[in-house]
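Each chain carries a letter (A, B, C and D) given by its place in the written order, and its residues are counted from 1.
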Amino acid sequence: MEKVFPSIDEAIADIKDGAMIAVPGFFACGVPRALLQAIIKKGTKNLTLTCGCGPLLGAADELRTLVQKGQLKKVIDSYGLFRSASKGMEDPFEQAVRAGTIEFEVYPMGTMAEKYRAGGAGIPAFYTPTGVGSVVEEGVVTNIEANRGKKETRIIDGRKYVLEYALEPDFAFIHAYIGDKEGNLRYAKTARNFNHVMATAAKVTIAEVETLVESGKLNADDVHTPGIYIHRMIQVPRPKFAITID
Amino acid sequence: MEKVFPSIDEAIADIKDGAMIAVPGFFACGVPRALLQAIIKKGTKNLTLTCGCGPLLGAADELRTLVQKGQLKKVIDSYGLFRSASKGMEDPFEQAVRAGTIEFEVYPMGTMAEKYRAGGAGIPAFYTPTGVGSVVEEGVVTNIEANRGKKETRIIDGRKYVLEYALEPDFAFIHAYIGDKEGNLRYAKTARNFNHVMATAAKVTIAEVETLVESGKLNADDVHTPGIYIHRMIQVPRPKFAITID
Amino acid sequence: MAEKTKLKGLSRELIALRVASELEDGTYVNLGIGIPTLISDWIEGRDIVLQSEIGMLKTGPLATGDDVDQDLINASCQPVTALEGTSYFDIAESFGMIRGQHIDVAVMGALQINDKGDYAGWSNPARGLFVGNIGGSMDLCAGAKKLYIAMEHTTRDGQYKVVKELSYPATALGMVSMLFTDLAVMEITPKGLLLHEVAPGISAEDVQSVTEPKLIISKDLQEMQF
Amino acid sequence: MAEKTKLKGLSRELIALRVASELEDGTYVNLGIGIPTLISDWIEGRDIVLQSEIGMLKTGPLATGDDVDQDLINASCQPVTALEGTSYFDIAESFGMIRGQHIDVAVMGALQINDKGDYAGWSNPARGLFVGNIGGSMDLCAGAKKLYIAMEHTTRDGQYKVVKELSYPATALGMVSMLFTDLAVMEITPKGLLLHEVAPGISAEDVQSVTEPKLIISKDLQEMQF
């Protein structure tokens, strides 16, 4: 079942204004940079980008452009602001968050991971100990006050837990080190991070791979993401990242 | 952090009467047969074996002995009886289940998988669509009527789900094709099945491996179960299985 | 239920063939125990990928002789082979794949089915046990995008299996979309069982005579093509 | 809070060294951003395995020069190296490992901590935002078997960080068991903060003078050993 598309533009052609797109990557590591650049080029507006740990800090140029071109409606992440408050004040994304023109919704990283995993695995909601005792237990943590919906908690065997819900984005942009033409993927080292769970969670998953091989070239025991989760693929050059966040 | 024990008997020495032990394997595939034989030899009584898909049908000799020696209090599984009712009538385990001298508790296979995964991952409870519309949604499915506790259901986004709880056995018996001395494991093909999730779920996880290698011999991207989940290891000969169930 | 005269319908292999022709290329399919397992013989070489809930995607044909590997079986506990592009994964991933609606079609056997798409398959009350073998059946019902049933139209002694109300414990309610038997192909619609096709030599009346709920006869009723 | 005279305590490196000597061999440890990251320099060669929440077990020393690989970073976004026995895994597995109580000790930095073991670290209200960077901190608090805090005892301008009540948003409540600062080692007990050790040249009175809650002085009070 071949998944390879002739071009990256064709692979994202049906992404419409208002789409919700999962963007993996842990800061600069494992970010689908070519797909981000393609969606910038396409100019799709009103996007919700659901992240995990600061891929837009890693792909800082792309974030700046997305903000400047007014393509972003909302970002969901566990770590999406500059660490340094003074640098943050000069950052167009943080300025938009402060102004309320872009919504920024925050969860603990493990809850983000579990929301995608649940979405992909048909689990609509789960209880987690993470965030109990913090504002995370009280309601949705977002800069837009009207959207701070209440969260539910529950005592199970004497411990308090928060109820969190699955997240199923419309699309996922995936970056893999290698993939076969049927969509079986392998990631390199810590670049795996959010790629697998996001691939399972999205309705349509589009993977950019650095190396594209024929079916059968990957050891069946060593596949990280089985091809069933991948709907479209393109080959891209290995991206270059500065390994830094501020 | 070396996990290798000098002998299988020493690796299970502290398992006491009444222990709950996770037993992986999908029928005859991936069953920790050497560890089962060791617990038979040790004679530990009042055991609860938590399974996933009929490993005791695969290890039929071991099951017969466990029943005959009166070592079993309870079995939890998704598929633990002979397929054929007439063969079942002659099976000592099914006879004990009919007599109520061994408890047999049943869940859908995916719910079993998720109960271990949740147990290992600190998720105390989760909602699942599986079993809705069946007796599974009404209460715990067991031959012991007094233990058929009610289950909770909930409508989320218009669909009905059952609330199921994490399972955290005292011990897990794991069978791996290869492992390094720090407990990093790889499974062979479909023998992986319940091994990984059970390794994460148990308080103490004991792995039998067919091949034991020095640390560093496994590719870090190809480890199926990271060593953190494995507390004790022993090397065992490759078991022989008849690939059949009745 | 009155005992019925047994009609001469398709073999199990031909039921499997009929289901195979319903499966579309480019789909991921899971086959249950029994007649569904036979479908794999009819789709070799087609662009259909079989998922096996033990933790395998792109399951190959049954293994024989030296190809038998005790570490490589399907969910029916039969030795199988791998193909180019096969992958293995753990059981939580496998059932995530199933519950998470990544499987296009699951084909299951059944003991009873009604005209609302409810079906019973995991437990035969004749065995006299409240417990039974659920296996992966309820997960597949809950998670597959489409659920097909492939079975003999009646029991061995001619009793109804297509019934008005299930008397056996349900596997899932309202999830079945198509029913394939030795006598007919039926679709479960909001109005009831819609008879699309009959086996060669079988009439709509024949099918109705061994079917408890009233059938809706398609205006395009056809004989099954092979 | 009144401004305090800044006491001359340990360097950040020596705080890290003191925490390192508290970690036991044979344990799995996760180190947060800041002073905790420095601990890794002091445990090289010991039988302590570092977990990095990005999805890595047995994280090696920082990478430099040609060893830098953009596909291999730690959770603080620093290039690192692998060791013999390293493994990589995906983020759901990584946080399952964390929440599921497989990590023996997590060491985190903090902005404020009180004598009940509550601490605040993810958001400084001075930034003027309700949202902030939570990262993996709350998961580590919820899941590690033991939670240690390593931090400067006061803010740069001498304000209390060890407070009676948190004025910053909490990361977790009642989870911290030990507090390591440039001035002291304290245990969080049901009765309050128990002062076990003081830095060389620092008295218990010095520590109390920059600590808002009342300290309980251990009868075995010692000077820190290095």
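Note that contacts are C-beta pairs under 8 Å (C-beta built on N, C-alpha and C of every residue); 3 or more make two chains touch, one makes a residue touch a chain.
Predicted, not measured: the structure shown is a model, and the values here were computed from it.
Chemist: Touching both subunit A and subunit D: give me those chains, sorted by label.
Modeler: B
Chemist: When contacts are scored as defined above, which chain pair ends up with more C-beta pairs, B-C or B-D?
Modeler: The greater number of contacts lies at B-C.
Chemist: Farthest from subunit C in C-alpha centre terms, which chain would that be?
Modeler: D
Chemist: Can you give the whole-Å distance between the Cα centres of subunit B and subunit C?
Modeler: Distance between chain centres: 28 Å.
Chemist: Roughly how far is subunit A from subunit B, going centre to centre by Cα mean, in whole Å?
Modeler: Taking the average C-alpha coordinate of subunit A and of subunit B, the gap between them is 34 Å.
Chemist: Taking each chain's centre as its mean C-alpha position, how far apart are subunit C and subunit D in Å?
Modeler: Roughly 56 Å separates the two chain centres.
Chemist: Quick check: what residues of subunit C touch more than one other chain, meaning two or more?
Modeler: If we look for residues of subunit C contacting two or more partner chains, we find 82, 88-89, 92, 95, 98-99, 142-143.
Chemist: Two or more other chains in contact with one residue: find those residues in subunit B.
Modeler: Residue numbers touching two or more other chains: 114, 117, 121-123, 128-129, 188-189, 192, 220-221, 224.
Chemist: For the protein chains shown, what form does their contact graph take: line, ring, star, complete or other?
Modeler: Graph shape, chains as nodes and touching pairs as edges: none of the named types, so other.
Chemist: Using the touch rule from the top of the page, what pairs of chains touch, sorted by label?
Modeler: A-B, A-C, A-D, B-C, B-D
Chemist: Quick check: in the complex, which residue numbers of subunit C touch subunit A?
Modeler: It is residues 26, 28, 47, 49, 51, 57-58, 82-89, 92-93, 95-103, 142-143 of subunit C that touch subunit A.
Chemist: Within the complex, which stretch of subunit C touches subunit B?
Modeler: Residue list for subunit C touching subunit B: 33, 52-56, 68-75, 77-79, 82, 88-92, 94-95, 98-99, 118, 122, 124, 126-139, 141-143, 169-174.
Chemist: If we count contacts the way the header does, which residues on subunit A are in touch with subunit C in the complex?
Modeler: 1, 117, 119-123, 180, 182, 184, 200, 214-216, 218, 220-221, 223, 226-229
Chemist: Would you mind writing out the residues of subunit A in touch with subunit B in their complex?
Modeler: Where subunit A meets subunit B, its residues are 114, 118, 121-129, 156-157, 159, 161, 165, 186-189, 192, 220-222, 224.
Chemist: List the residues on subunit A that touch subunit D in their complex, please.
Modeler: Interface residues on the subunit A side: 26-30, 52-54, 58, 78-81, 83, 85, 88, 97-98, 104-111, 113-114, 116-117, 128-136, 141-143, 145, 177, 188-197, 224, 240-241, 243-245.
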